[in-house]
Structure formats: structure tokens, C-alpha cells
Amino acid sequence: MLAETLILLLVVLPFLGAIAATTMPVSARNGEVVLGGGVMLAGLVALAALFDQVSDGRVVSRTIEWVPSIGLDLTLRVDGFAWLMLLLVFGIGFLVVIYARYYLSPADPVPRFYGFLLAFAGAMVAMLISGNILVMVVFWELTSVFSFLLIGYWHQSAGARDGARTALIVTGTGGMALLAAMILLGQVVGSYRLDDVLAAGDIVRAHEWYPWILGLFLLGAFTKSAQVPFHFWLPNAMAAPTPVSAYLHSATMVKAGVYLLVRFSPVLGGTPAWFWIVAGTGMATLILGALIALYRNDLKGLLAYSTISHLGLITALAGIGSGGAIVAAIFHILNHAVFKASLFMAAGIIDHETGTRDMRRLSGLRHSMPRTSALAIVAAAAMGGVPLLNGFLSKEMFFAEAADWHNGTWLDTALPYLATLASIFSIAYSLRFIVQVFFGPPATDLPKEPHEPAAWMRRPVELLVLLVLLVGFWPAAMIGAVLQSGVLAVLGVDAPYYSLALWHGFNTPLKMSLTALALGTVLYLIAAPRLQRANEAPAFLERLSAQALFDRLMLLLTRKWSLRLYRRFGTRHLQVQMRLVVLLVAAGAAATLIDATRMWPRGLFQNFDITFALMWLAGCGCAIGAAVQAKYHRFAALALLGGAGLVTAATFAWFSAPDLAVTQLMVEVVTTVLLLLGLRWLPKRSQEIAGDRSYQARARRAQDLVIASVCGVGVASLAFAVMTVAPGLTIGDWFRRNAYAEGGGTNAVNVILVDFRAFDTLGEITVLGIVALTCYALLRRFRPAPESVALPSQQTFVELPPLSAAEAECEAEAKASKEPTRHDVMMAIPSVIMQWMFPVAIAMSAYLFLRGHDLPGGGFAAGVAFAIALLLQYLATNVRWIESRITILPVRWIGAGLLFAVGTGAGSLLFGYPFLTAHAQYVTIPLIGQVPAATALLFDLGVFAVVVGATVLIQIAIAHQSLRSARLRARDEAEALSQEER
Amino acid sequence: MTPALILAWVLLLSQVCLVSALVLASMRAIRGPRAQDRVTGLDTMYVCAMLLMVVTGMRQGTHFLFEAALVIGTLGFVATTAMAKFLLRGEVIE
Amino acid sequence: MELVLSVSIGVLVASGVWLTLRPRTFQVIIGLCLLSYGVNLFIFAMGRLVEGAAPIMPKGGFVDPDVYADPVPQALVLTAIVISFATTALFLVVIMASRGLTGTDHVDGSERNP
Amino acid sequence: MTHLEQLPPSVALIIAAFVALGSILTLIGALGLIRLGNFYDRLHAPTLATSWGAGGILLGSVMMFSTLGSRLVVPELFLGLMMLVTTPVTLMVLGRAALHRDRAEGRAPYDTLPLSKK
Amino acid sequence: MSMIPHPVVSILVTILWMVLTGFSTGQLVLGVLVGLIAGVGYGRLATDRVRLRRPGMMLRLAGRVALDIIQSNYNVAALILHDRRRHRRKSGFVRIPLDLTNRNALATLAIIVTSTPGTAWIDLDPDDNHLLLHVFDLKDEDDWAHTIKTRYEPLLMEIFR
Amino acid sequence: MISPVHMIVAPILIPLVSGAIMLLYDERRRRLKQGIGLASCGLQLVVAIALILRAKDSGDAVSLYLLGDWASPYGIVLVLDRLSAVMLLLGSLLALPSLLYAGARWHRNGQHFGPLFQFLLMGVNGAFLTGDLFNLFVFFEVMLAASYGLLLHGTGRARVGAGLHYIAINLLAAMLFLLGVALIYGVTGTLNMADLATRVANLSAADRPLIHAAAVLLSGAFLIKAAMWPLCFWLPNAYSAAAPPVAAVFSIMTKVGVYTVIRLGMLLFGPAAGASSGFGAEVLVVGGLATIVFGMVGVLASQDLSRMTGNLVLVSSGTLLSVVGLALEYQSAPMLSGGLYYMFASTLAIAALFLLAEPIGRKEGGIAGLLAVTAEAYGLDPEDEVATGDVGPVIPGATTLLGIAFLTCVMVVAGLPPFAGFVGKLAMLAPAVDVAATLPFVWGHWLFVALLILSGLATMIAMVRWGIQSLWANADEPPLPMVEIASVMALVGTLVLLTFAAEPAMRYLDRTAEALTQNSVYIGKVMTTAPTGTGTE
């Protein structure tokens, strides 16, 4: 019970700490240390309390439900191996927290730093102890994210930004691969529980998906632990503050990858593929990392490549996969963390105190910083694998495995030599580090005067170096139990016997070590002078740089390829898009209809009526004429469109749809006026469009003609196919039977509109209102094209003689009084008749409205009629004249109409009936007789109001543009005049 | 031949006449040559269509088409007048 | 009748589609209008063609649905007419605005590069 | 029995006459629209349809529906009046516009020149 | 503003309503209502009162116009049908000085002239009140001036006084 | 007392009424209108939650509302089932923050923002609720009409250009919709979706191809709305040109398209559809996958956040469409529920990203930059006011807050753990692999799995690149009004909540998906519910 609480605490504490840390004030450096250190210490204490329960291969676990329905549950599971890793996270975390207090400058925002650091620790802990492989991926990705944030801590620097981005992209990609691997693994095993997966190695390895799982899994592991060729993010990540490098990029996060390799080696390992890929990659990384490290002039760069190299070593061990190799791997994870963290911290101290990390500038620091120098030299020696230090021990184990373990491949045979070669390089770079930084004459041109750092900045290093020594001398006593429990956790009953003794005799590994030591020293002595001047990598690697490849790939991916693909498979041209829509739909419909028997033509000339055919001869002529003229003769096209619309309306009338005919005709009128209003702002096309007769243009037109004809034929044959077969049972029958009985009106169409399907009508008038508002809003800021601002040519041509002065005065007066001006005289007599039509049209509107429920007509038709009546008055005179006489607030009409319609519909709610339940009754009024009094009529009144408001608003909004542009002209003229005066 | 039959034939012929008139008017609308010709053509089309509706109603024995005719007769001229005004003034509403 | 109406619908749709595929805004708007005529007639045709049988019912008594035209497609067409009128108006205003802002009546706001 | 057969024979014949007259006049008007040589002449053609063309047909309609419904059905008169009143509006504006356009293009019919008083 | 700004308009609209909807008490009530509304609507636009006098003269005018229209229908129809002998027909513009100034009267004249096949009202010169008429079959300009001035103008001046 | 039954119609009436009320006040009463708008959105959210609870609790989880009290296949019915309840909730969750955000300045950038916003919501909610095919068209049009207005809100060359394309294409789509509906009526004689489902199942062999053709026409309309490649090119332009709060609320609109595909696809071509079962599934799968690829490439190729986010909309749509296609093909409910969850998460995150684009971009040019963007709108009218000045209190630490919000959203859309995006992707991936394991040679599933992961990757790469450039490379603190960040944070908070509540959400969606694949309950309920009384006497 206690243990279960403790493991929960392990995860929760860092996250809580992170939240607390970010809320602290910017300057609370000490507070942050207390908080962070406290969290880490608490973690260590909890670990200590847990050790007994995980030591002999036992497991403590606890499950918290998250999304069990997709197999996501937060199973927390601590075993010896996880415990060992947690020790690193909390232990080194504790030291880093203290170290960072002195490392960061007062200008750095510490809450963000400690917040991210603790959150990272939390993610790392959760990853390590998650007993669900999916949740493991969750936190795996979170470590990438927090690592990203920490690398980008100093985001003012371009290097930090690049480093952070590269790290996130590479490790994030790996994480996605890992996710895929885990999903596949879970599928194969039938469970996402780590315990189940670990127990199902045989099933997994035998499954046909094994290669995929392995590949994706390794992609995840390799990217995280910076294996070649994914190693390049790690050196770039050195732009992070050094405590971050010490913590994440040597001790914890990069170890997640090798942790995973070791952890899953019982499941996925033991196959030739595993050996070749893992051991091969590991060895390549080991050697290349060491080689490049030798070339780096930057202290942290050297340490980064050294880290890569050591991670390669651990990977190689995991690849070998024998019991001994696993022991060595686990042991080296620990050892490397200890000496590398101390080295990073030392490098940070050097950087902090001298102002540079460039080894070519540094020299003789042992004089000014003797204690730090001593510490760093010991740690570096451990890095090189010098005997009596911790690094030596695990390296010897590796050598032993390389030499003693065999599987008969050439790689196996080459292993001892390759291992020795890598060791030679690592001795050389360690020497370079020691000699060039601490020995030689004191440097003279350093940015800062070097001296020992604050004591507490050095304490963490001291502690770590002490561990290096203690483990080096008394390995069994220091670390034996921990290591043993880790090994047991991974290998279980297969755990081998091993000895942690210092002296195993003068055996092959020792010989290899000594050879490496000697040859490494020689290599350093030969190479040292050249390295001072050389580039930061061997020439062949420079050309084959993974970083360059990555950068190029990113550039191609995010600029060239993507842009090219996007343009190739996308378009910004409307025509292409419209064509695609039409083509796709036509092709799809054709595909479904290809074997439709109903589409076969039959009875073509049944009911043929010559008059109807003649009428449509005119209609089709108009339609085609409009299509032909629309480009150069817009007005003609408009007139012809009217003709086609008229024939359409006549067709409605012909086939028993008087309501449709009425509506279509009136809408036709309004549309025509609208389009005419718009034509004012689309100047007459006097010139031919460039390239209009070119071959391409003609080809496009012809191609579209084919497409259009196909569509026409398709729709026509569909229409014919349906029309020539009698309908089955339709809902229309019910409407016809019940229009009067239930709906209380004889005009079934109108009853449908205002009662049976009034909801449609409500939506429809809303559309009308919306569109009107939009037109109005858009036109409020309408800016005409320059050539449209001018007065239309019809008005600039004056057929009347120029005005005399007196006449001009009268004209001005007339304008001021909003009387018709002299130009309006052209319309004088017609406009009288148009005014006569106003009362008539009002009567028409009332007529259409009142008849609606029983006969053709209705609220919509009445509304449009009323709007046309108003429109006619605008036509007859001009905007100012009308608006000084009639005040219309169309927006309010729309709003009120909608509310009225809704209100009518909602009335039924009060009586417990659903929305829009109508109540119809014929009321007998004295003198008048029976009058239909349906609530539907009230609803229709709302429709009427909206239609009037919307139609008028649209028309007026466009019409007002003439007024505005007149104002604009006046302003321009005034400006021109005032400029002339000047 | 009964008067009813005669009337039936006359109505049919009348439809043919009116539709022919419609076609002729549409030819004027299509051919132009000038914009005012097209508008005249369209205006005539309106009249023909209206009369066609009346005659069709007579043939079908229904008075329900009358509203459509009424709308053309009362409000149809607004469209053509607007077009004419456009030709006259270059804008419909000043 | 059916044949003539079908062919007419086809012609309207074809002219409409051809115009909507054209590069000038006014062509597109005319095309959409023609297309909507075609579509409205198509909807209407789905109720089959009946002459002299407007769906205006007698007041009471038995109603034989087959004697009257189907009112449903008519109601649908009415809604469709209104909506296409509204959207045509809007499209018109947008092409006006586009013409004003871009100085061209090409649908892409700029002339096609040859 | 069709609705036409319900009409008294004499009425039917009168209706037939009116309708025939109306539609023939309308057709002639439309014919004029095609045959006449210039716009101003063509301007006169539609009035054949809107005056007695429409008049004949509408009177026929009045007679038919009044007889069938055995009560006076006269909305056609309203329609006829409207035709009479509204058609001139279009034609007047159209004629004026044509003249204006012709003048603007310098091809005004010579006999209208007095208007410009030059 | 008075409730009935234009009684003439309201009455005419009421009559039209009755013509349109049928003659019944109910429709009369509705028609009066509509007529009043329509009158108010017209009142917002037109400031001058519409006056109609002398119903007898109105009837005479109507009869005259009906006859003239019948006659010109025949004439124009014939001319269209025999237009091959086009040279015999000469169309053209005629300027006719008018004494009418009432705009309603002028509008009525415009309707009469234009509705009559063969004549088309083109323009009224605002400066000297000359009517520009297009005549389909122009044999004698003065003949047309005479027709207008004697057949229609006096009656209209009486009616719209 | 009005019975709670009527709550089903409330999501349509609330925005309609509040929009209409706003029209009674003139443009100067902006604060009042914004207040009405927020109240309306808040009320919609409350109703949506209540409806979710209702759909969750009631036994068969389908409630019917007979508008006008007319019996079911004849009148228009509103149907509330789990799916529509979820969609309503999503819509109102987006609407409230978007409107709040607009209150900072955008609603003053033109006329009638408030009413148009409400009408858009009315259209969206109506589309989710209606059980009638033609009524669906009407609500589509309501939604589209309002969206035209909102897209053009503020005008300017980019908006008008994009708006022109958007409107033209949608008008064409409306024609297709009408043709499809009409054809369906012509062949089957009904408009009610449930009635249609039963009739489709019993179609004669001669009629079936016609119905399939109608489905093709309809899907043309829906897939344009849902932005399936190659019908999607208008979307990135339109969404990136729109004002941020508009783009944010638009992210629900593609989901309306997807919703209709799910609803009609499952209803008409589900397992019970006889010979039509699974019709069009392959097209959805192929098109969806192509859309993912195109969106992914678009995200990589884009240079600014709103365009990237526009392309993310495509990725999200593509994912959903292919899920629906696969679900239709293999009747796999689990994948569908994962898809729905993913839709919920990605839509919220996309909306938040649209809202973030502008304040983050403001770092580069500040208020002046904002003005430059819209400057062309202020030319002529002296009465036009310039939308600067009072934007409410501005908060410190803007970059950090923006950064947190941005990163969270990126993690959601890229499917990075632990947020809802990851849960959603996982909930699709695992069943996809599951199906792929049981059926050999199902390339669709494998491709889907691969693309889902790759698209996440591409998103991460592009967004991180952009975020670093905009948030880290520029040291200036952008002026960040409280209202703006509050609305973004509301969305982010919802995402976090969704992550924590993943289990109940998934369970709910599991049942939603099951009900979709077993549509007999829906059909039965619609066809049997009787009117409450006789509407007339």
C-alpha cells in the first residue's frame, strides 16, 4: 500500500513541482532551488523506501484508469531496472537543480527553467515506470517536448532555436514511429500491458509483423539516444543551458532510448535482424562519435559526441544481447551518467568563469581553477576508460563481451577490433580535453578572468567525481545490489553470473584496454597540433554530414517539394475548381447510371405538344444566346436571361404550378433590376480581352463545351427517366389529402409552405435576411473601380444646350430641394405613370397576400410585389427624392419579420404543442362572411415583412452606390479645384 | 363541327399564334442588333407569355393561371423599364 | 412534353454549366442563374407533368390525390427560387466588390498570365 | 364533357372570335417586330399585342369564365387596364433612350434635330 | 397628414380591388381598407392632389380612344403585313406644341398616344412643352398635331382641371 | 409551462431570435448586441449540455421533435440522437470563445457581425438536428449565407477574392444538392431521411441506380463542404482570409459536411441498405486519404499560421472522411468513435489556432500591422469607424501565454501525447490495425495508419518551425487584450478537459458509433413517434 502510494508520488511530485515553479516570481532563484531540490530529494527518499520491494526481480505496480476503452491506463510499474534509472533522474536531477542556481544569470527567467526541468523530470519518471506501452509513448513524447522547451530556453539565440527545432523534429519523429510500433506490438500481444508484452517475446518474434515492429521500434529508440545517422540533433542541443545538457543530454533523456533497447531486448532481441541492426548501429555510433569528438573544438561539442559514442557502446551491448552484455549495458548507463554529468557541469563552470568553451582559446586552467581542474581531469579519465575509475569497469565488460561472445558473423569477428579502435579515439579525445584545457601556459585572451566558481556550484561535481572514484574502487560494495536488481528485472531467471571485481587477471579485455591507452596517447600526440587548425569533423564526414542532409531534407520538405506538390495537386483558379466539381460529379453519376435500365429512352414522343416545343425553342434560344453574349455584351445577356426565365415561368404555369409562375416572374423582375444595378459597376467592355482568340482559349472553351454538354445530357436524361415513370406512394399524396382537412387551406402549396413545412420557410426567409445584411455590409465599404466612378457616358452627353447662369441656379435650387432635376425631366412623364402604379402595386401586394392560403399567392409573393412597388418609385425618380418622402428601415423589417414568424410559431408552445403548430379556423365576420383566420396567415405576415425588408435592403444598398460615387466625384472635383487655385 | 370544338380549335390555334409570336419576339431579343431592340423583344415576349397563360387557362378550363398573367401585366414592365432606363441613364437608380 | 422539357432542362443546365466555367464574373453569375432555372425545372419535373390540375383543393369531401399535381416539388421549387435569388444577389454584390478592389472582372482577381 | 361544351354555342363562338382576333393581332405585332426595318418603327409593333391583342383575348376570357361560373368574373379587365397603362412606360423610356443613344453616337434621325435647337 | 390624402386614388383602388376580387360586401370592406392604405402610400409620393372632373367627358374620351385604337390596330396590322411595299410608308418624328401642363393629364395623353398603335410618345421638351412623337405612317405632320390637339387635349384639360 | 421536450428546437430558435433582436438595434449599440450574442451562445452551450445529458440518459437515445405537430414522414422532424447532441456541443463550444474573441475588435470591423454570427449558428445547429433532407438543404443555405457574410466581414481584397471563389463553388454545390434531393423525391417520393432509409432498402433494381446517382450529386455538395480533395482548394484561401474569430467558428462548417456524410452514409448505405450497402465507401476512403496527403503537404508548404491551420482543417477532414469510409465499408464502429473523438479535439484546436494566428502575428507589426491588413477597407466612407482604440485591458507575459496555448494546440493537432489529439488518433489507429490484422490485404487501413502518423509528423514539423520563428525569434511582447487570450484559453481548457474526461467521452462516442452502424433504432423512432395531438380543430 505504501509502495503504491510512493510510486504515484514519484510521478505526481515533479509535475506538481513544475506547476508550483512556474507560478513563483521571476527572481525567486532560491525558492526555486528549495522547491526543485525538495522534489528531487523526496523522490530519492521514496526510491530508497521502495528499493527493498523491487530488489530481487520483484515489481511494484498500481493502475489508474484513464481511457480503458482504448487500452490507455496509467499503470505505474517499478522494477529494479526502472528503479536504477529513477535513481539517475532524481539523483542527478538533485545535483543539477543546485548547480543551475549558480549557473543561470539573474537576467534569466528562472521559473520557466525550473518549471520545464521539473516537468521533464516528471515525464521521464512516468515514461520509466509506465506499465502500459502506450502510456510509455505518451511520456516518451513529452520528454521530447520538454527537452525542446529546455533547449530553446534562450530562444533569443538562433542556435538555440535551431537546436530545439531539430531535436524535437528528430525525436518527435522517432516517437511517432515508436507509437506505431507499440500499437502493432499491442495488437500482436493482445494487450498493452508491459508485463504481458515482456512475457510474449516468442509470439512477437514469430509474427509476420515482427520486421515492421522492430524497424519502427528501433527508429524510436535510435533517434532518442542519438544513434547514427540520427545523432546530429544532440550536438545542436548543446545550445541549451549546461545544466540541461548535463541532465537531459547525458544522464537521463538520451538514456531513454537505450533503456528501451535493454528493456525490450527480451521481447524483440535475439534475432539476427536485431543483432545486425542494433549492434551494427551501436558500433558505428561508437566509432564515429568518438572520432568526431576528437575534432571538436567546443568543450560541450566534444562532450556531446562523446555522449553519442558512449550511447553507441550501450546500444552495441544491447545488440549483442547476451546476459553479460545486458549487465554491461546497464552498468554503463549508470557509469556514463555519473562521469558525463560531472564533465558537463565542469564544462559549464569553465564556460561560466572564462566566458568561452573553445578549447583553442583555453589553456592552463589548472593554475587558476585547480579544484575544478582536478575534478574534471578525473571525470575525463573515467570517460576515456582509465583503470580504477567507474568508466573503466563497464568498458572492460564491453571488451569482454566483444571478445568472448560469438555468433559467427563477420561483425562478431570484427567486434574486438572495432571496440579497441573506438577506445583509441576516446582515449585521444579525453586526453585532448585534459591537456588542452587544464595544462599548458595560462590563457591570456579569455573574455573573463578565470577563477574558481562559487563553492556550491562545484559541490555537485565533487559529489559525482567522488562517485566515479568510489565505484571505480569498490564497485561491488557501491553499486552491486542496485545493478543486480536492475539485471534481474530485465533478464529474470536468465540473469548471468558476473563479477564486479577490479582484477580479473591479465585477460583479453585488459590487453585491449592497454593497447587502446597506448595507441590513443600516440594518436593524440600525433594529431594534437593538426586538430588545433582542423575543421570540426573529418573531411569525409563533413561531406556526408547527417545534419546537412537533415537541413536539406527539411528545406525540400517544407519549401520546395511541398510547394511543388501543393501547386501540382492544387489550384487557386476558380475555373479549375469549378471544372473539377462538375467533372467529378458528372463522372460519378455516369458511373452509377451506366447500367441503369431506367435510363434507356422510351416513348420519346409521347404527349408531344408543338406549342410547348416552340415555346422552349424561344427559351433555349435565349439561354444559349445569353451564354454566348455574356462575355462581351452583358446587357444583351441580361435581356436574354430574362427571356429564358420568362419561358421557365410559363412552363410552371403550363403544368399546374401557378404559385411557382407568380413567384418566378416576380423574382425575375427583381433579379433583372439587381443585375442592372450591378452592371453600372461593371463598365462596358469596349475592347477584346487579350488572348481571347488564342488557341488555348478556344481549346478551353471547346473543352468546357463538351463538359457542359455532358452535364446537360445527363440531367436531361435523368429528368426524362423519372418523368416517364409514374410515381409510387409519395408524401405528396398525404399533403393533397390533408391540405384542407388538416392545414385549413385549399392551396396545398401554400399550406405546405406556411404549415406542413413552415420550418423550411422560416429558414428560407432567414437566408434572405442574411443575404441582405451581407450585401449591405459589403457595400458599406464598396470601392468602385476607378473607371466606374465617373458619371455614366449617357449622362455626360448633354443633348440639351448648356445652362444659362439663371438656369444653373434653378438647377442647384432644385437639387437642394430634392426636386427632380433637369436631367430627371427625361423621365418626367413616365415617372408620373410609375407613381400611379404605386397604389396599384400596393393593392396587388395585398391581393396576393390575402389569397395565399386558398389560391395562388402568399406572403412571399406579396412581399416581393411590395418591394417591386417601392423599387419602381426609386426607378421613377432618384434615391434622395424618394428617401426624403418614404422612410424605410429595411433592417428592422427583417428583424421584426423574423421575430414575428418565430413568435407565431412559438405561440403553440404555450399550449403544449410543438413549435410551428398551426391553428386554422374560418371565422364568420358580419358583412364579410367567412374569413380564413389561420395562425399560418400570421406566419405569412412575418414572411412578408422579411421579404420586403431584404429585397429593399439589397436594392437600396446597391442603388446608394451611385449617390456615394457622386459624392466622391464632387470631392475629387473640389480637390482638383483647390489644387488649381494653388 | 360544334361551337365547342371550334372554340377548342381556335384556342389551340391561338396558342400556336401566341407561341409563334413569342418565338418571333425572342428572335428580336436574340438578334438585336441594338440593346433597345432586345428590350423591345423581351417586352413583347412578356406580353406574349402573359396572353399565352390566359389562353392556356381557357383551354384547361382553369382560372388559376390568371395570377401569373396578372403579375406580368402589373409588374412585368418594371424589368423592361429598368432596362430602358439603364440605356437612357447608364444607371437604374440614381 | 416530357421530351421537350427534358431537352430544355438539358440546354439550360449545359448553358449554365458552360458559363460557370468561364473566367468572367458576369458570365458566372448569368451561368448560375441559368443553372438555377434548369435545376428548378428539374425539381418541378420530379413531380411529373400534369396540365390543368393545380394543387388547389376543394373545400372538404374526398380528395383524390391523383387529380392534382404534386404540391411537394412545387413547394421545394419555391424555396429554391427564393434561395437562389438571394444568393444571386449576394454573388452580384461580391463581383461588384471584387471588380472594385481588383480592377478586373476575372474570377481570380487578376488576368490569367499567358 | 369538357368545360368548353358547357358553354352556350353562341358564347363559344363569340369567345372564339375574340380570341382569334387577339392572337392574330399579337402575332402580327410580333411579325412586325421582326420585319420592320428600324428601331423606331419596331417600337410600334408591340402595341398591337398590348391593345387589342390583349383586349380580345382577355374579353374572351371574361366571357368564358363568367359564363362557366355563372357570375361576373372580371379581373381580366384589371389586367387589361394595367397592360394599357404600363406598356407605354417601357416604350416611352425605351424610345427616349434610343434617341439619346443615337444622338450621342451622332446618328440621330434628321427630323428630330429641331429638338436640339441648333 | 389626413387619413384620406387622396380620395380619388383610394376610390379608384377600391374599384380596382372589386374588379379584381369580385363584388361582395366582404371584398368591399377589404377594398376600402386597401384603398385607404394605397392612398396614403400615394400621398407620400405625390404632393399635388389628383382631381378628376366631368365623368361624362371621361367616358367620351374612353370611347374615342377605344375607337382610335381599333382603327389604328387595323391600319398598323395592314401596314406590317404589306410592308414589302415599304417605300409607300414613311415613318418619322413630329413635334407638337402642347398646352397641357398638368402632369397627370400629360401622362394620360402619353398612355393614349403610345397605346395607340402607330404613334409613340418619345419626349416632352420641358422648355417649350413640345411633344416629340414618332409616327409609324407619317403622311402629314400637321394631321397628327391636329388629332392630338383636337381629339384628346381639350378633353384632358377639362378632366384634369 | 413550456415542456422541456421543446429543448430540441432551442438550438435553432435561440440564435435566430437573438439575431433578429439585434437587427432591431442599430449599429451603434454594439455593446448591447455583443451582450445579446454572448448570452445566446452561453444559452446554446447550456442547452447543448442538457441535450447531451438527455441523449446520454434516455434509453434508446433518440428523441424526436415533430415540428408543427405533423406526423413523421410528412412534416419536418428534428431528431436528437447522440451524434447530433455531440455536434451541437462542439458547435457551441466553438461559438462562445469565437464570439468573445470577436468582441475585442473584430465585430466593429464591419456591419452586422453579431446577427450574422447567430444565423450561422442557427444554420449549423439546424443541419445537425434536422431529420429531413430538404430541410437540411435549407439549413445548409442558412449556414452558408451567413458564412458568406462573415467571410466577407471587414472586406478587403483578400477576403473578397476568397469570398468570390467560396461563394461560386458553394452556389454550384447548392445546385448539386437540389438536384440530388429532387431526384430522390422523384424516385422514392419522400424527403424524410429515416423514411428514405427504409425505402432505399426496398428499392427495385431499376430505381436503385437513380438513387445512387442522387447520392453522387448530394455527396458532391457535402464533400465540397467537407473539403475532400480535389474539392477543397477554396478552403485554405477562404479560411486564412477570414477574420480570426470567423475562421475559428468556420472550423465547425467542414464538420457539418462530414456530419452529413456520416449521417446519410450510415443511414442510407448502412448494413441494412441491401444492395446499396457500403455505396461510395471506397470513394470516401480514397478521397479522405488524398485529402490527408494534400493537407499535409499544404501545411508544410504554408508560410503563415492561418493558412497552415486552413490546411490542418483539410487534414482533419480527410482523416474523418477516410474513417467514415472505412467504417462504412467494414462496419467498424470503434474506429468511428475514435474518429468522432478526434474530430472533437482537432476542431477545437484548429479553432484555437485560428484565434492565435492574429495575436502572434501581431508581434511582427503590432497594431500598425493590423491596420495595414485592413487599411484598404477604410477608404471612402467618412462614417466608417476605424476599429482600433479601446480593446480592453492588455495583459503582460503575452508571449508565454500565447506559447503555451500554441504548443498545446500543436500537440493536439499533431496527435502528440498526452492531449486529446493523441487519444483520438490512438482510438482510430488501434482499431484500424485491428481490422487490418483480421482481414488480409486491406491496404486502406495500412495507408490510413501510415498517413495518420505522417500527417502528425508533418504538422509538428511545420508548426514548430513557424512557432519558433514567430514566438521565439521576436523578443517583443505583442499587445494582447485580455478578451482574446481568455477565449483562446477557454478553448485550450476545453481540450485539457477533454483529455481528462477521455474515458466518459469515448464511452459515449462508442455508443454513438454503435448506434450509427445499427440505425434501426433511429429509423424506428422516427417512423413511429406520433404527434402530441391534432394541430387543428
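Order of writing sets the labels: A, B, C, D, E and F. Residues in every chain begin at 1.
Convention: a residue touches a chain if its C-beta (ideal position, glycine included) is under 8 Å from a C-beta of that chain, and two chains touch if they have at least 3 such contacts.
Note that the structure is predicted; figures quoted are calculated from it, not measured.
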Open item on the list: If each hop has to land on a touching chain, what is the smallest number of hops from chain B to chain E?
Closed with: 2
Open item on the list: With a step meaning a move to a chain it touches, how many steps does the shortest path from chain B to chain F take?
Closed with: 2
TODO: List every chain that touches both chain A and chain C.
DONE: B, F
Open item on the list: Among all chains, whose Cα centre is located farthest from the one for chain B?
Closed with: A
- [ ] Report which of B-D and A-F is connected by more C-beta pairs in contact.
- [x] A-F
Task: Most distant chain from chain F, judged by the mean position of its C-alpha atoms - done: E
Task: Centre-of-Cα separation between chain F and chain E, whole angstrom - done: 61
TODO: Could you put a whole-Å number on the gap between the CA centroids of chain A and chain E?
DONE: 72
TODO: Express in whole angstrom the distance between the two chain centres, defined as the mean CA positions of chain C and chain E.
DONE: 39
Task: chain A-chain D separation of Cα centroids, rounded to whole Å - done: 67
Open item on the list: Going by the contact rule already set, what residues in chain D reach two or more other chains?
Closed with: 29, 31, 43, 45, 50, 73, 75, 78, 82, 85-89, 91-93, 96, 100-101, 115
Task: Residue numbers of chain A (touch at least two other chains) - done: 572, 574, 578, 582, 619, 638, 652, 654, 656, 658, 715, 718, 722-723, 727, 730-732, 735, 757, 760, 764, 767, 770-771, 774, 778, 782-783, 793-794, 826-827, 829-830, 833-834, 836-837, 840, 855-856, 958
Open item on the list: Give me the residue numbers in chain F that touch at least two other chains, ranges are fine.
Closed with: 134, 138, 141, 145, 148, 152, 155, 160, 164-165, 168, 172, 179, 183, 185-186, 191, 376
Task: All pairs of touching chains, each written as two labels joined by a dash - done: A-B, A-C, A-D, A-E, A-F, B-C, B-D, C-F, D-E
TODO: Give every residue of chain E touching chain D within the complex, in rising order.
DONE: 16, 19-23, 69-70, 73, 76-77, 80-81, 83, 86, 91-93, 95, 110-111, 113-123, 125, 130, 132, 134, 136
Task: Contacting residues of chain D [partner chain E, same complex] - done: 25, 28-29, 31-32, 35-38, 40-41, 43-45, 47-48, 50-52, 71-75, 77-78, 81, 84-85, 87-88, 91-92, 95-96, 99, 109, 111-112, 114-115
Task: Touching residues (chain side chain C, partner chain B) in the complex - done: 51-52, 54, 56
Open item on the list: Using the touch definition from the top, list the residues of chain B that touch chain C in their complex.
Closed with: 59-62, 64-65
- [ ] Sort out for me which residues of chain C touch chain F in the complex.
- [x] 20, 25, 28, 32, 35-36, 39-40, 42-43, 45-47, 72-73, 76, 79-80, 83-84, 86-87, 90-91, 94-95, 97-98, 101-102, 107-109
